[in-house]
Each structure stands twice: as C-alpha cells, then as structure tokens.
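In the two complexes below, subunit A is the common chain; its partner is subunit B in one and subunit C in the other.
Moving on to the complex of A and B:
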C-alpha cells in the first residue's frame, strides 16, 4: 500500500459492486419514503383527531416506535417473527421470510414514528385565519385540508422533511445486520475479502455522500418550485421601482405560464385542475413566448 | 329608533324579509361570557354597523353568524336556515354569507385569480371557464382585474383586502359579513377598501360590518349597534345613534372616538 490509506485500484474495481449495493440502498430508501409519507399523514391525522379512539393509539405508536432502537427492532422483526411457527407455516411468511421485506417494515415503522411530529408541526404552522377563510367560503373540512392546509404545510415542513430524509437515507445502513446486501454490506464484504480497512468503507462513504447530495439537490428544486410565489416576488420587485410601467403594462402575460404550473393545487388535485392548460391559453401570448 | 324604523318600513310598503335573526344568543369561552342575550334582526338589504370597545364581543357576534364560532345558547336563523350545529346547516349558512377578515387571509400559494376561483369551483361546481368568468367579473368590480395573475404577497394591503372582498363576492352570497376590514390597513389604503364597500352597499347587498370607521357608518349604515361587555347596549338608526345617544356607555364611547 502507498502512503495513502486508499488503494485506488481496489476502489476502482469495486465500483460495480458498490453501485449494486447503492441500488439496494436507494431502492430501500425510496420504497420506505413512498410508503412512509402517506402513512405518516394518516397517523398524524389520527394523532390530531379529537376522538381518543384514534388519537391515543396513534400517540402510543409514536412513543413506542420512536423510542424503540432501530437495530433491535430489525432484529425482532427478522429473527423474532421467524420463531413463531404459525407464521412460518402461514402465507405471511413470504413477507417475514424475506430480509428485504423485514427491513422495509422495520424502517417504515421507525420512519413514520419520526415523521408524525414533522407532519404535525407543519400542519399546525398553517395560520388559523387561512383555514377559517376557507371554511367561511363554504369549503368542507376535507376540501380545506386538501386545497389549503396540506399544500401550505408541505411548504412549511419541507426543510424538516429533508433533514429526516437525509438522516434516514444514511440510517438504512443498519439493514446490513439482517443480511440485506446494501452499500454498507458490500463495503463490509470487501473488507473481509481484502482486509483493507479503509478503501471499501471510504468508497462506500463517497457513494453515500453523492446519494445524499442528490437528495439535497432534489429538495432544492422542489422548494424552488413550491415557493415560486415568494421567489418571483423577490425577483420582480427589485427592478420594479425603476421599471414600474413595463411590469404593470407589458409583462403580466409573459411570466404567467410557469406560475400557472406552480400553483401547486394543480399537482395534487388533477381532477379539479385538469383543464389547467386551458387557462394559460386564455392569454395566447404566453404560448408564443 | 322606532320612529325611524317605521318610516323605513312604510317607504318599502311591506317589511322586507328577515336575513339574519339572532334570539337570546349566548356564547362562552370557558367561563367567560363573550356574548350574552344577543337579540338582533337584520332585514334583506339592510346595512348594519357594529361598533364598541375592544373585547366587547363584536367579532364574536359576527363570527357566530356563519358559525366560525359556535354559539352556546339561543337561536340564529340565517335566510331561513337554523344554525343547529349540523354539518349541512353549517355548510348551507356559509354559502349564504360571504366574509371578509381583518387580516385578508388570502391563500398565499394561489394566484389572485385562483383565490377567487377555488370556492366557486368546489362548492358551486362551476366549470373552469365559468369560475374564471365570475372571478374576473368581481375582480374588475373591485378594480383589481389587472393583477389577477399575481400572488397575494405581491399586492399592497388595500389591494389584498379588495381581492378578499372579490373572493367572497364570487360565491354570490346574499349577505356579506365584514370583520374589521380596514383595521390592519395603512391609512392611505383604508379609503379604497371603504369605497368598494360603499359601492356594494349601493347595489343593495345585505351587509353586517364590524368597524371603527364611523364616517363609513354614517354614510352607509341603516342602523348602528353598540356593544359592550358581550351585550348589545344600544341599537339605533344611524342619525339617532350619533346625534342622540341614550346610554352613558355609548356617550362615553362616542366621545372617545369622535374627537
């Protein structure tokens, strides 16, 4: 080995294997996040419900799974359920017999328990006046939630969610203890094959770093997209004093199409907003631009 | 007061139908009695101004009419709908009443046009084109049509409040409730909002306004209601209210606000 603790040739050769491990990590992360988000919203609604029949179990769920150590939780799901003979014989064994499925279950329980407070905080941050205004307009509580509260809460909670996602993505490394071959498991295998204590884990670290920063870039883009109603204000208002007339007179048509798309309730509510393009065509100039 | 009312009524020949009828309405916040024995009748086309010191229950009163606050005793009937707390009655009453708030409460993530289109599309089941036509019509009526594609944060307070009025009008409610619509505005913006409200009054809208704008009350109101400590202390035709106040509490209040 050279003066560097890193064996570049080994690192280079391990890239295909590492990439395979990364794919497992990514797949696991994306899967759990996809299951976890709607689930966290449902558990949060139960948690915030006035009915103790919903609120108490949801609160207990959060207390239990947020407190339960993830590593031990995974052990219990994977090895513990295997001890139950009825389960081994039953149809559910397809799930509990698979290390990957057990990892998804354990991680989801943990992730949702943490997300409930993120979602709850974001929903509570929506000003009561906006919810009142929406109800005063005759929107049902459900419509108010779908069109006003949730879209705004998403914006408020994005930073906290990004934190949770990044922590979670790196935290998936624990699944290597229940035989899922993720990025960390690949690094460990290579260590055991080569007895090189640095190269495999540093290579894996680089892969994790890239993954996490891709997540960051994704969130940045999402944030820009969702908060365009504020961003545009900043960009438009600054030149405004000098160029008040052009903005009032000529500009309105030009910036409209991106704004129309931004109006986020279109994204969530395709049925109602479906004819969105029709509105943009109402000012034909926009399309020429 | 009674003389003025009867002369009003004879002018219309038959008494106009009742829009809002409140009978012995009580409201508690915990042990605190926010409204006590409120009796108030508002007929179609009337403009009522409610005034009183802060904490007197004005906002609470107007918010019980569309049940943003549930009342604890008495009855409220709005255009024939009794507010009994059932979800359908709440929904129905909210379609009868448009409301404008002190803090505008425009939806920040939607454009001005979308703010106005949302409720008609969802509750009146208007098509996109119909809703846009309605929204454009009322936005132009409050002189803000040119800003339709901007976001609320890009408008001044007065403009936002005019949008809020247009948004409520888009539901074409027979009754409009105003809860201190100018209290959060800079002085130079109050006038443009009051002007819009006066136009609305001229068109015969039934209006109930909580406001400290006594000039507006004098110009527009048919009757003025003075509240203190959760009670209606005095209720009179506009001229009588300002010229010959009866109770000491109202005299003191008027002395304080009309310098």
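Moving on to the complex of A and C:
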C-alpha cells in the first residue's frame, strides 16, 4: 500500500493539541468511573433487593440504559434537557447547559447500567458457604457484606470490570458529537483543517491505544496486588498455549483460599477448592469480548 | 407537536426507513465479521511465529482503538486506500454504508477471532487427539468434530458481540449514513420534541435486542441438548 501518506511533520505538530484532547478523554473517563462505581453498587443492591419497589425500577433502569446505544443517550441528555423550560430557567442549568456535564450524565447512566451486571455477577460468585459461615459466627448481614462479600467480590469481578472500563474508555470517543472537545474531536478538527484523512486519525488512534493499554497495565498490577496472598503455582500451572482470550487471561485463575487470616492459619494450607467463580461463563457480561 | 398528526407520522415513517438501513448495516456487518472472524481465528491458531506476531500486533491495535475512529478512517481515507491498492488511475466512491460495513467487519472479526481462540482452548484436547488417532483428515475433523462443538462453546460470547455490534451500528450515522439515529435526530431537531423521537429510537434497539436474546436462549438450549446440566 503505497498510498498511506502519514505526514510525520503534521503528526508531530499536532501532539500538543492531541494531548489536550487526551486529557479531556482521561478526565471524563476517570470522573465517570469514580461516580459510577458507588452508584452501580447501590443500583445493584436495589436490583437484588427482595422488595419489588426497589428491584423493578432498578431492572427497568438496567434494561433501558443498557439497551439504548450510547449515541442516543447522549443526544437524549444533550438535546432533551435543553427543551425543558423549567430546567433552562432553574439553577440546575449550570449543569445541563454544559456539554461536558451532559456527556458525564449520559456516560454515567450507560456505565452504571452495564456495571450492575458486573457487580451482580461478582457478588453472586462469592461462595454461599462463606456467607453462611459468617452468619454462623454471629456477624450481622451488614458486616458480612462489607467485610466478607464485597472484598471477595472485588477480586472475582476485577476481570469483568477491566473489560467494562476498557470498553467504556473507547466508548467515550462518541462524546465529540455533543461538542465536547475530546481526542476524537481534535482529530476531526485537524482533518477538517488539513483534509489529510490519515494522519490526524492515526495519531489519535495511537493516543487511544496508549491510554487503553495503560489501563490494562494498571489493572494487571491491581490484580497482582489483590491476589498477592495466593499460591503462585496454581496460576503458572496452566499457561494457555498461544493466545488466551483476554478476559480469561485475567480471570481469577486461582480460587482464593478464603480468609486465611481469620482462620489463623500460620502455614499455607492446601488451596481450598472454592467453587470456581463462574464469572467468565455465567454472567451476562455484554462488554466482555 | 400533536401526536399522530400527518407531520408526526411522516417523521415516524422516515425513522422506519432509517431503521431498515440500520438493520441492513447490522446484518451485513455482523455476518461478514462472523465469517471472516471464524476463518481468521482458525488460521491464527497456527503456531507459526510470524502469524502469531502479526496477529498479536494487529489485534492489539484494532482492539485498542475506538471503533468510531476506524469508521472515520475508512470513510475519509477509504477511497485513497482503495486507489492505493488498485492503482491511482481509478477513483473509488466510498459510501457511508460501505465504510460502516467495512469498519464493523474489521473490528468485530478481530473480537470473534479471539472468541474462537478462547473456545478452542476450552475444548478438551482429547477431541483433537481422537481425530488424529482415527485418522480423520484435518478439514473433515474441523467440519464434523471441532466446529460443531466450538459453536456451543462460543455461543454466549457470540451473543455478547452481537449486542455490541448492534449498539455500534448507530455510530455510522456520524459518517453521514441516514440511519435510524440520524433520522431521529432530524425529527427531534425539526419538531423540538427530542424526547419522543430519541426514546422511540432507543426502544427500537431495546426491542430488537430483547427479541434476539429470546431467540438466543432457545438456540443455547438446543446446542446444549446433549450436555447434562451440572447442579451446583
């Protein structure tokens, strides 16, 4: 392919602008992830609640905001709220009047809806025996949740969460349509200035690639940290020949020997065969490819 | 604006036509991605170092970049690429639809190939060994032994990809395709009723995915009919 003219000078000159766009993308991603995590735990608890008053709205929330494409959600928030007279006059217009805030709202709704299934899957991957044991030991349900279920679920769910975060970070490229100047918007601007179809987009793609892979590296480090007490050989035992499926590569390969510290085991016992967290097959995790 | 006035019905009709375009794009993109993805997935199972290295780099790039950028790249740069391949003396028109199909195919063939890898890893090795012990030739073995089992293993992942492709198709409207979302946006802008039209458009996507989920559940039970369910 002789005709892939990448204008290196243009690419070099565009780096400051691209970096600025990348900062917007990163800031947007981090902000939504920070808002989204606690929110999705709350919605999941509502979704798993026995009371239909909580469970039904949460289920509807998930169905709608998960099923609707992100692009439509952004249009809906950006163009929709601007039409409401009361909102435009009211004090909240500071929020709904800004494209960036609209992007945050639209992305958060979508992200939370996806996260509900991730959180639910990881919570239900925690072996029932542990929960029964803690209630047998006299822990209150709340203590069981905060000290037993949530920490373990975090480990089980990390692989699915990583997938969702990576998909989400790439999905933020859409916010350029509602005038947020992110990395994609910068690339588009440069395209319109120079009519060079390759250089700006490929430069932006390189930036995205670095961002996404930094996220991957970060998650790998976090996973190692969370599983630092684990027996190593269990993970080394089965090096998948060739390329493993990316999610499965990060899947909790070694079942966590549950709660060694509480059970005051000084020495390492044989790894308890906890029921393998069925995350990689059972949860309907749409983002995980 | 009054509901079910002539103007309103006109916009609805326009959206229905857009929905047809969306469905066409989705069907073309997904089926091409499926075919190419399965082929590529099988080819890249090869232990050949060149193939492995190429695949590692290629899939990392494609899966590390937003699909929106790939759509833009193919739409803006498509004709330059085509004339680069087929000679500059001819000019090529790249329609948004064509660019969209190509982009969806390129991106999701990659994901499907990775899915095939994962499914092959999950297949008991004995299946391959039994095939060679029985002297079944590779092509016949793949056709009659391996692929039918892969279908079962890969089905849940395939349905995930199906959903993701469905929700990525509206992105092609940003390259100027007159699909459902583009028409909804026009209608919303002209009538100043964004809620009605955008919610209608999202209900279309939700209904379509609900329908396919139901079908896929049936398909899954059918593929699993030979497998005893393990009670946890």
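To be clear about the criterion, the second predicted complex is superposed on the first by the 226 of 289 C-alpha atoms of A that agree within 3 Å, B and C clash if a C-alpha of one lies under 4 Å from a C-alpha of the other, contacts with A are read in each partner's own complex, and residues count from 1 in each chain.
By our rule, a contact is a pair of C-beta atoms (placed from the backbone, for glycine too) under 8 Å apart; a residue touches a chain by one contact, two chains touch by 3 or more.
The structure presented is a predicted model; accordingly, all values stated were derived computationally and were not measured.
Engineer: If we overlay the two complexes on their shared chain A, which of subunit B and subunit C does A:229 touch? Say first, second, both or neither.
Structural biologist: The first partner, subunit B, only.
Engineer: So in the superposed three-chain picture, is A:136 touching just subunit B, just subunit C, both, or none of them (first/second/both/neither)?
Structural biologist: first
Engineer: For the overlaid complexes, name the partner, subunit B or subunit C, with more touching residues on subunit A.
Structural biologist: Counted on subunit A, the partner with more touching residues turns out to be C.
Engineer: Kindly classify A:148 by the partners it touches after superposition: subunit B alone (first), subunit C alone (second), both, or neither?
Structural biologist: The first partner, subunit B, only.
Engineer: Contacts for A:171 in the overlay, against subunit B (first) and subunit C (second): which applies, first, second, both or neither?
Structural biologist: Once the two structures are laid over each other on A, A:171 reaches subunit C alone.
Engineer: A:197 in the overlay: touching subunit B, subunit C, both, or neither? Say first, second, both or neither.
Structural biologist: Once the two structures are laid over each other on A, A:197 reaches subunit C alone.
Engineer: Return first, second, both or neither, reflecting whether A:184 touches subunit B, subunit C, both chains, or no partner chain.
Structural biologist: second
Engineer: Determine where on subunit A the residues touched by subunit B overlap those touched by subunit C, and list them.
Structural biologist: 248, 275
Engineer: Give every residue of subunit B touching subunit A within the complex, in rising order.
Structural biologist: These residues of subunit B touch subunit A: 66, 68, 91, 94-95, 97-99, 101, 103, 105-111, 114, 118-119, 121-123, 127-129, 132, 146, 149-154, 164, 167-168, 171.
Engineer: Any idea which subunit C residues touch subunit A in the complex?
Structural biologist: It is residues 44-45, 47, 52, 55-56, 60-61, 63-69, 72-73, 76-77, 80-81, 83-85, 88, 111, 114-115, 117-118, 121, 156-157, 160-161, 163-164, 166-171, 173-174, 181, 184-185, 188-189, 192-195, 198-199, 201-202, 205-206, 209-210, 232 of subunit C that touch subunit A.
Engineer: What residues on subunit A touch subunit C, complex-wise?
Structural biologist: Answer in residue numbers: 1-4, 63-64, 67-73, 75-76, 79-80, 82-83, 167, 170-174, 177, 184, 187-188, 191, 197-198, 201-202, 204-205, 208-209, 212-213, 240-246, 248, 275, 281, 284-289.
Engineer: Per the contact definition, I'd like the list of subunit A residues that touch subunit B in the complex.
Structural biologist: Within the complex, subunit A touches subunit B at residues 127, 129-130, 132-140, 143, 147-148, 151-152, 155, 226, 229-230, 232-233, 236-237, 248, 252, 255-256, 259-260, 263-265, 272, 275, 278-279, 282.
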